[in-house]
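The following blocks contain the structures, represented as structure tokens.
You will see two complexes here that share subunit A, one where it goes with subunit B and one where it goes with subunit C.
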Partner chain A sequence: MKIGRRSFLSFVIGGAAGTAITPLPWKLMDDSSIWSQNWPWTPVPPDGEYSQSNSVCTLCPGGCGITVRKVDDRVVKIEGMKGHPVNDGGLCLMGLSGLQLLYGPTRVKTPLKRVGKRGEGKWEKISWDEAISEVAKKLADIRSNGGSHTVGSIVDSENGTVPNLFKRFLTTYGSPNFMTMPSIQDSYAMTLQVMQGVSAQVGFDAENADFILSFGSGIIDGWGSPVRMFKANSAWKANGKKVVQIEPRLSNTAAKSDKWIPINPGTEAALALGLANVIITNSLDSKKISQSSGFDSFKKLVQNEYGTEKVSKITGINSATIVSLAKNFARASKPLAICGKGQGSIPGSLNEFMAVHALNALVGNINKEGGVWAVTDTKYINWPKPEMDSIAENGIQKERIDGAGSEYPHTKSLLNRLAEVINSGDGSLEALFVSGANPLYSMPDSKAIKNAFDNIPFIVSFSSYMDETASNADLILPNHVYLERYEDVPTPAGLSKPIVGLTRPVVKPQFNTKHVGDVVMLIAKALGGGIADAFPWESYEACLKETLGVKWDILVEKGFEFNGDKCILEGDFNFYPDAMKSLSDFSSVSIEGSAISYPLILIPYDTIRLANGYIGDPPFAIKAVEDTVLKGKNSCVEINPKTGKELGLTEGRYASLLTPRGKAKVRVHLYEGIMPGIVALPRGLGHTAYDKYLAGKGCNFNELIGSTEDPVSGLDEAWGIRARLTKV
Partner chain B sequence: MKEEGKHKKAKKYGMVINLDECTGCGACMVACMAENNVPFKEDESNKLDSIAWMRVYKLTNGKPYPEAEICYLPRPCMHCEGEHGHAPCVSVCPATATDYNHETGIVSQIYTRCFGCRYCMVACPYHARYFNWWDPVWPEESTKYLSPNVSPRMRGVVEKCSFCFHRYQLAMDKAYLEGRTVLEEDEYQTSCAQACPAGAITFGDLNNPEHKVHQLAKPDNKHGGRPGNPNVFRLLERLGTNPKVYYMSSREWVRQAGDNYINNEDLAKNYRH
Partner chain C sequence: MSTQDDKAKEVSADGVAGPIILFFILGLAASLVFGWIIFPKLLYSQKKQPIDFNHVLHVEAVEEGCESCHFFREDGSFSGIPKLAQCVDCHEDAQGEDPNEVKFVEEYVANGREVPWLVYARQPDCVFFSHAAHVKKAEMDCGTCHGHIGESEHSRVYEENRITGYSRDIWGKNISGLKKHTWERMKMDDCAECHTTKEIKTDVETLPWPINWLPRPYEKQTGNKARVKTVKEACFVCHK
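Coming up: the complex of A and B.
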């Protein structure tokens, strides 16, 4: 057929008209767009019945009340609980992102046994029966070989039923090595012990104070019970109360205070004593307290050794500022001095704690409204003393591996010494339990800790998440997360009114996990004999119910209960305890490294947006971190523009940060809020475990710093380390 | 609409953020993400593509050590009224995907209408709008915590703060069921205001003299809602966007940082409240 112009046109026009008339292409286009729109591009969250339940957040020692919002059996939001004595409706960003921990990709979903090399990440799923019998068999072997004292445990704190179950287990098994994660609570407890002769926790009546003198405490950076401190801070602002922050860096707390006084780092104790000198010399001290024992010696010490001029030289703060600060502090009607740097995870120098505590005593605010309280909980854990067999009796008589109680008689646990003891061959552990703690990440000198852990043949982690310690363990027996389990929450850090809270399941366990309390009991039962007899309870829940007794019903209904009133422990105040006498120099805390090869000083800083304990930042929290803290895969260090100029470093430049302990690649952030000569690095980054949202981002401060023993307590007092920063 | 107007005074929901109390903790950012099914990706350190309906900015006074000061400034959507509801973004949207609700004063964002031209992002002087460059991906079990009250957004659309409008709807539903048409102040609160541990965010009806926001900001509706309180300011006031988020600070440099002031400009003279 010949295609002419006419036939071509009629073919095209006819075809177009035909296509337009037939519905087929339109129908197909419509269908395909509907079809592609129904692809699972985005999830459609199912609706259901709405409900709420109350519990307590245990992500930090803050103990905030939470209300969770549920849709059917899904938890969709965590909110602060209205009317709770700690947080009254407010909540921090970690608490708010808790659901990412519950449903998140970092959960350990079933008991795991290591099959590859340690830390290689090769695991075999095993059943709970296998897991428990494996642990029991190992422990029975160690015990029968006379090594019961070489088994240890690391838990987050010594308070509450779960730590006490671990302690009871170790005691009846025959080991003294019950270790806890260190914090400023240890230093404060020690201070109260030494200066007041009381065994108590410290509590601050912060809300009622009217002049707050903080020696570097991150009041709004996560110190103490964070949300409670936020609330107190707002109340001070609203009522015109004064806050003075002393630290070398303009932290959030310093920025929000009424006055920021930069100080040469490590000289806080000297300042406290210098202030004491001004107060005593001007007779501004409380007359009653000057009758206390040791006052005259203390007076002599500060007047002879800590004159204003000298203190000014040590601290770098000018004399007029020191004098006016001392006077303002002493003349305030309810002054309060606090210490413990940042979030308070490094115990710190006991000198500093004693000096600051003496300052409080001088103005007469010990056990007073707006002051410092020695608080003891009404003890609610009253389990019968367990029957001990001969192995147990022998075992607990053995010296602790960390030297607590022997070399350092007043200290209960010295985890900071564990690595050195094991690495130097002075002691060894055959088995280690880790629960609610992540020492491989959060203890200083990570490399040494890692080496020490490599020398422990059997490590069992009870972590709910694949954290650094869990991924280096031999066996993981995953605990329920806090939204799936019952647990008592003892008085939050720094509260002056003791309360006990109850965490309770708001959702059924999502995975094949077991409550750590139940697992400890199951292991004990598998070991049999006296160990099994020490745990007569059917389950952890039964144990908790029995322990709390009449409180149980109140706690289930309310979520919290005041546990006794402020306990007024009237120990005689001693200004000049023996511990102080043994210390020749209060002026500054030593720092590792030589000033010649490491001209700068590296200090850590804490921000509430970065968690640096057992919990790592969930995705929402890490998303909220500023780009001057974390940029891409690198942590940013803060330096003064002056320092930057000297080193030839500009904003955003890559640099190499070197300390006697380690090395990291960082980016530079020039910040006018930091003392020249100082480098500040955020803590809470540099994880190697957890999920892709957290792992491999930034560097871990603990890899760059070592631990320094405080001469009195043996606790870690290192607040920084010498460092060098060079262009890359 | 006209009928309603006769017996019900229009509401104007707004916020007063006390920058003296704000600690920059970021709880508002996370409270918002958790409430509104905001997605997250592996790297969120590039803040240009990091979706944060509420973002906390850090301001500095520009002075050298040790006179340096910092202040944090949380920035939700300002829900601009402009003149008679002509918010900058609303005026430019070709799809009517964003609209000014005269009943509540809330600027909406309707994801299914939005086709991703991003005119509104250009028009918004506050960088309050974010574009979904990728489809959101929630890892494994994480879809379980998604709230059914807010639909997750797809690739190619713009999203922003809604003043938790779904909370308004839920509160209104509840009120209607109980035979009421007016909400109590605490019945409708945004997620950020509720979570703020410092209590720095106050939320309520700016038109209602009983509400705390009205008392704090003292808005002058005759003059584009300008604050009557000398410590209160709005961001880029001079643009005439008439935003409904007010900031409060006792520090002058902070108040100045809220607008494009010329160096050494006499604030009181040029800009009397």
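Coming up: the complex of A and C.
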């Protein structure tokens, strides 16, 4: 028998025929299709018992209610809480991505002590006992050497129990240097102070307004309480209310408004006063308000100095538009003017805030439905006054390092001045606590801040994440993230109804972290004496429970509670406070740099997809950023095609962006929606810390800009900086 | 004329036809042996459960049968295989001397660690299955799908499909895909056996006149049983 090619083929055919009548091909086909559904990168929810808990999101000052869905002990989804007065079921991109901040790679898992050089990233894991005794020892040394006033703290806001624990700690320790991260809330609070004589937070009854005049506020780009503003904006659209957006760039908010009016940046105050002039001249103002003090001087000011023609020249908006805008605004039944650019992280010029507030007063919408409210929380933090020893008494009498309360008597905190004071040698800090804030990234002029921090010998970060400030600290005492801890959430930014919310643990702490409130108390106890006595509570939770009193049960059940009614504060309205006198000779808010060396103007812009405060973009969110904002590893700058042509820059080209403060490599995006001569750069990129998903992407706007002090408030008013853009 | 060629053909045919058929049969036989016997052995790996579990012993000890451990939660979802917390209710300490129980208490209860049970009936994640609908509403017996598991004294070997990672119970022990009992296979076709054919009789009330927007004209469902026969666009009932 000869075995040849034919035999072989016959064997193969026989094999094939046989295989067809075995289950093999059919089973493999079935299995491979199932296999293709089970690739390891396909996210699969875990199986187990489902449950839901209500809490409050604290990723921004928005204070949205959240409903957290869990499977057994694992959080699988965060949704907006239905029926919550802030967001009623809605949630933003950051809020939805909160899971990644809980389980993501950027968390600090245990107390860390620096072993290498600062910022080198070399850490030693230490126990909580060691960490607390180290801080206490350091603070005891500083105090015994008479330097109690050289200890400072930077926290996210001044409201709520955690900031107040820091404040109480510093007070009993003997330091006045309790500093907070700046925002437009500061400027608004000061405006209410000088024009209405009230110490309150501003609230807008946005939902009930029917004509919204926004001076660059990013209504749908994260201004105020973001989800609440999205909802208000949708309601305006649905009910035919008008939104007019005034800003030099066609932002998302401008694109969705009924009318976008481009304006020369920095001249918003002039426009507001120009509008006031048209309203007064045409007798469209609320008659009641003209009885207010200073009205005649104000009238004289706008009529003499802010004639339509002149304002048109200053702002670049034609006269007819100014007149019709003023008339439409004044004739609306519930007009509302708002200001604070973008997400409102830069406090801005007080003149602008006063001018816009005067505009609201002119149309009679102060403390009215659809108008501006002065909101004061019903104070729920009523801790007994602490006993102070002589060191504490002396310490708090010392001048603050940032000049707030002395050079600028009405301002509470001026973090923007800290870097300069330290770098010029006018003041120094021996120790600094940073909690809920990332000043090394989010304060203007990062380089100067970094230098100043280099001059502070002892920095303690309480961050849950390895952010820029934490990675430059000496000691990190990681806080629980918001899904693991209790905390009260006072009235969110811009809300006209005072409420208090409760953030509460929905999962057990995932790592060896501790609540920052507990840590502050432990440090106080380790220091002993009057400092320890000022914190009689067993734990932060006990302190919070006692502080909230009867509200506690309601908050645990419902998640929020109205904290008093809308506060009607009928302070006499003063149209022409002293602070406004500088407006008699208008000059636009000045920016740094000479027009000759730096022919262009750089402005920042915000988008809801980029977080630029304490929290950096989680991986989900950074993926949502368009490639006209971040392309590859580079931020894109927006310039008008005309500007592009003059500079010989085409779409997608690499360019070098130079300002008096710094330099960055960027890519060019030609955009019709920006005024010629202006360059716009997104905020929220250019992180050097956090994780590989965020670090090294784009450039940080704050490295390119400095801080400019407002002459009245001392707060940062820099809306931009001069810049040069050259081909690379 | 062409005799030589014909001869040559004949010769070759005589000499080759035999081996061709033989090799065809060999190939056929080899593939059949491979496909029916060797392939299933290669496809499935054999795994042992972490603890050898005796259902008989437990069913005798508990009061409410299967539902004592495999119960419905308050929200109607099904608990499936019990979590450690439920076992601990009785087994905080070893109750007997069975080495399996001792191992369970020492390794899992003492360390608070969940037992990594291998689930014979786990379906792919694209399948949405409600125990409540079948057990509560349709009053089906556990055994219809799960067989006589409650009568087992030992945990049987878990055979894991090396390609899909699922248990052999889904396709069925018989590699041909045939079955004798309802619980021997858990593929979609097996679900469909009921869902395409069975019309569960529901209590209906005949309406006095035709109302054409009701699902079944002239009839209104009054009982709490739902139709199980799937209709067009019913895919998403199970495939969410």
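In the analysis below, the second predicted complex is superposed on the first by the 676 of 728 C-alpha atoms of A that agree within 3 Å, B and C clash if a C-alpha of one lies under 4 Å from a C-alpha of the other, contacts with A are read in each partner's own complex, and residues count from 1 in each chain.
In this text, a contact is a pair of C-beta atoms (placed from the backbone, for glycine too) under 8 Å apart; a residue touches a chain by one contact, two chains touch by 3 or more.
Remember, it's a predicted structure, so these values are computed and weren't measured experimentally.
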First (subunit B), second (subunit C), both or neither touched by A:360: neither
Subunit B versus subunit C as contact partner of A:79, first or second or both or neither: first
Touching partner for A:214 - first (subunit B), second (subunit C), both, neither: neither
Contacts of A:34 with subunit B and subunit C, given as first, second, both or neither: second
Touching partner for A:55 - first (subunit B), second (subunit C), both, neither: neither
Partner chain(s) touched by A:196 [first = subunit B, second = subunit C, both, neither]: neither
First, second, both or neither for A:47, with subunit B first and subunit C second: both
Winner by number of subunit A residues touched, once subunit B and subunit C are compared: B
First (subunit B), second (subunit C), both or neither touched by A:87: first
Overlap of subunit C and subunit B interfaces on subunit A (superposed complexes): 44-45, 47-48
Of subunit A, residues touching subunit C in the complex: 1-4, 6-8, 10-19, 21-24, 26-28, 30-32, 34-35, 37-38, 44-45, 47-50, 72
Of all residues in subunit B, those that touch subunit A in their complex: 20-21, 23-27, 29-31, 33-35, 37, 40, 42-47, 50, 52, 56, 58, 60, 62-66, 68-72, 135-136, 138-148, 151-155, 194-200
Touching residues (chain side subunit A, partner subunit B) in the complex: 41-48, 71, 74-80, 87, 89-93, 96-97, 99-100, 102-105, 107, 220, 226-227, 230-231, 233-234, 237-238, 250, 252, 255-256, 260, 262, 510, 608-609, 619-628, 630-632, 640-642, 671-676, 691-693
Complex interface listing, subunit C residues touching subunit A: 15-16, 18-32, 34-36, 39-40, 43, 73, 75, 77, 79-80, 83, 124-126, 161, 163-166, 171, 175-177
